[in-house]
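Letters are used for the chains, namely A, B and C, taken in the order the chains are written, and counting of residues starts over at 1 for each.
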Amino acid sequence: MALLEVDGLRVRFERSAVDGERIRPVDDVSLRLEPGEALGLVGESGSGKSMTALALMGLLPRGAVLEGGSVRLGGRELLALPERELRRLRGDRIAIVFQDPSGALNPYLPVGLQLAEVLEEHRGIARREALRRSARALGEVGIPDPEARLAAYPHELSGGMRQRVAIAMALLCEPEILIADEPTTALDATLQAQVLELFAQARRARGTALLLITHDLGVVARSCDRVSVMYAGRLVETAELREVFARPLHPYTLGLLESAPRLAREGGARPELPSIPGLPPDLARLPAGCAFHPRCSFRIERCGRERPSLQPFMERPRDAAGGVRRLDGPRRAACHEKERLGALARPQVPA
Amino acid sequence: MKAALGSGGARWALGFLALLAALSLLAPLLPLPSPIALSLRGEPGPPVAPWEELGGEGFRAEYWPLGPLDRRLVELRRSLFGAWQSGPWLGTDSKGRDLLSRLVWGSRTSLAVGLAAALCSLVIGVLYGALSGLAGGRVDEAMMRLVDLLYSLPFVFLVIFALALLEAPRGGWPGISREQVLYLAIGAVGWLTMARVVRGQVLSLRESEFVKAARVLGSSTPRILATHVVPNVLPVAAAYLTLTVPSVILLEAFLSFLGLGVEPPRVSWGLLAADGVSALNRIQVSWWLIVFPSAAIAATLLALNVLGDALRDALDVRGRGGV
Amino acid sequence: MSRFLLRRLAWFGVTFWAVVTVSFFMMRAVPGGPFGSDRALPAAIERAVRARYHLDWPLWRQYLDYLGPLDLSEHGAFGTRERVLGGVLAGDLGPSLKYRDFTVNDVIAQSLPVSMALGAAALAWALAVGITCGLLAALRPGGRTDAALRLAASAGIALPNFALAGLLVLVFVYWLPIFPVAGWGSWRQLALPALALGAPFAAYAARLTRTGMLEVLSQDWIRAARAKGMPPRTIVFRHALRGALLPVVSWLGPAAAGVLTGSLVIEQIFHVPGTGSHFVNSALNRDYTLAMGVTIVYMVLVYGFNTLVDVTYALLDPRVRLGARS
């Protein structure tokens, strides 16, 4: 039994789209997270990754409605829990760090209070002790002179510091799962590295599992053990990190890897930046069958008719010594042509 | 904008206001008693329901001096209805004057004051705000400082002050009618907010593509003002206008209560409400003299507010996205 | 902060001077004088009375005397003064021209506390009820409570306060004789005037609170607070309330001015011996000094209140730096 098990999660928007079609930002998504592991949830903007995270925590915005599925934390079904129980879990056993560091902190309250209240609420600690521990937490994320910082207001801190504060806030109660929603997008490269290091540190020190939501494959490569790829609200591939990078089974994943900018290789700089042809999907007007097929170079006739489901790609598991390698469930991809992709080693996109 | 009016509340409001405007304009045509004809009754008469007394003969065409169009309408009315007039459906006041008639005729004054003064503040406000926004820099700052200064003055107070002074106990100001002073004074109070709003709008318009393009092409400032800025500012200004009119009507009512508003024999809602309030005494509780004028004012202002809110909401959605 | 206050003070000085000067000359420019209205006095007596109040001096001299940068009078209205600074700048608002035995300071000292008590009562209940209703409406937007409250608020704004006063008197004095009709001195006499005076403010406060609260609740950091597992009560009172009340605070400044103006009418209806009635009457009676005095007091109050509001705003919102107005 995994730490977090998500099965068939579906979310729809209440207001119908133009033609009466329901918009589903999250359409039959399944995930699995083991204690202490890091899962990267990858996709472009609008693919539904953030909405999935919000749905997990029961924080769907107004207008978005849970349609079905199951989310189990340590075997306990979350979607059926009353709000009061969910509140106990939030910030305590499962915490989230949002993308915009300014968006996570209340501009009218001093930083120390925002940290201390988490401890007061979940652990029943008195204010003074809570503040002391908050200062320590700030120190652990690398904020200099933490005691003085407690009285500061968010606008007095730099963007990078605010993000650290947000991370400290999330880790205060030593959650089992930390969800990070695009934690590096708003930061520059140096800060990105520091933030990722903080996550790694938390994982090492406390065995926190990490659900890292991002569109940046570089971030994934540095921090994650496994990867799940989303497109148009649907899960299209899930596999171990190495496998995804070495041999993607879904054309979209392949496209993502190909379109990541790279520095000059043998023979000089690449003349063009390859990209996935076509436009990002309009959730109100999804094509029949596979959502990606209009942009796909591997498509066959079946792709326009029949929506592919997430199917295991069986392979003889092996490791260096020839023994059975334990996979976290078989590799899965939602593509009718995954076998063809699987047969190629780092296939090139056909012209 | 049509979409905003689709909401039920706004539709009712618009319908109500249209009806009101129609009644107001057609007042001389309606078979109502004269609003100023006095009777010998010494005390106010209670309302009599239409089914008890629909009306009777006895119409006397007494009015304050009317314009030519209105006079024609009165003649038309006479040929249509003869000497018939409606009964005291809403009651009469202490001088025997019919309240319904006075309410209808009074709507003319109140609405006219509201519109005229609001237009006054619109014109001044839009011009001032647009100029300030377009000019930018020091000039803009200075102009806005002036607005701030005027804002902090107890302006309404000073208006009341000025009007009280102009209420010369003997003689009067030759040349300027009370009404005109009223329009100007009230308009002078209202333009400040309009100026601020318009300036804000103009500031964001300035940075927009087409204004920059016009500048590059060498258009002069007045031209830019006329062809680009004003048409884009008008929707916002219109929305605020529908919110200025209520406050102007309230101000007029206020002033009438203090005796500084419209002068008898002319009639306005504010005057009617004021009369109603002062007519209250222990012996004769003439509730109709307060309730009906209050209801008229409240309903109209409510309708204007609803309409204004709907307009503002509609504009917000557009405005947030782009220009 | 102190620089801000100093600048405010300077600005106030300018405004003050402008208002005093404009009012002064405006009043005297208008036909009609303080002593002609009640009964025509024999010419000689009128001249003597005018001389007593220095109304025969040239205007500029009257102006300076009133304002008081130099004490120009050989003897003041009530005896000899030997100070350098007289007039308004010394706090002496002069004698009332209408109420012969009283100085303007006397009249104001008697009536102002009454008006302030009435105004304070009106604002107190308006804020208490208005903010609470606004909060309730915001926490269940689109519900029945919300719709009902919004309707009540719109009605509160749409009715002139004297009409409301009339209706209140109608209902609570004549039909259900609970309250006395007029006068001042007891709690029961305070109730209706304060109710009528405060009603439009309650309506505005409710609307502003509702909008402010809805705006704040849609912010990202509220979502983040919920994600921390904070209970609703903490979120509303600790996280959201401050931001939601900011629009109310900035509105309070001009609102105070409105309370003072509104009291003009309410005091008349309920026969409350406050400063409001003096305002209109003094202008009608051409009681120059009293009219000026009341205007000055009013202006000081409005200005003071506005400044207080600005300071409060800065205290509530740590991002605001005083003086950086845009």
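The criterion applied here is as follows: a contact is a pair of C-beta atoms (placed from the backbone, for glycine too) under 8 Å apart; a residue touches a chain by one contact, two chains touch by 3 or more.
It should be emphasised that the depicted structure is a prediction, and the values quoted were computed from it without experimental measurement.
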- Item | Topology of the chain contact graph, where touching chains are joined (line, ring, star, complete, other) | line
- Item | Top chain pair, ranked by number of contacting C-beta pairs | B-C
- Using mean C-alpha positions as chain centres, tell me how far subunit B is from subunit C in Å, no decimals. 25
- Centre-of-Cα separation between subunit B and subunit A, whole angstrom: 58
- Item | Whole-Å gap separating subunit A and subunit C, where each centre is the average of the chain's CA atoms | 57
- Indicate the residues of subunit B shared as contacts by at least two other chains. none
- Footprint of subunit B on subunit C - complex, ascending: 11, 14-15, 18-19, 23, 26-27, 30-32, 36-37, 154-155, 157-160, 162-167, 169-170, 174-175, 181, 254, 257, 260-261, 264-265, 268-269, 279-280, 283-284, 291, 295, 298-299, 302-303, 306
- Residues of subunit A touching subunit C in the complex: 57, 59, 61, 87-92, 95-96, 98, 100, 103-109, 117-118, 121-122, 153, 155, 166, 169
- Residues on subunit C engaged by subunit A in the complex (per definition of touch): 219-231, 234, 238-239, 242-243, 316-319
- In the complex, subunit B residues that touch subunit C: 149, 151-154, 156-158, 160-162, 164-171, 246, 250, 253-254, 257-258, 260, 270, 273-274, 276-277, 280, 282, 285, 287, 290-291, 293-294, 297-302, 305-306
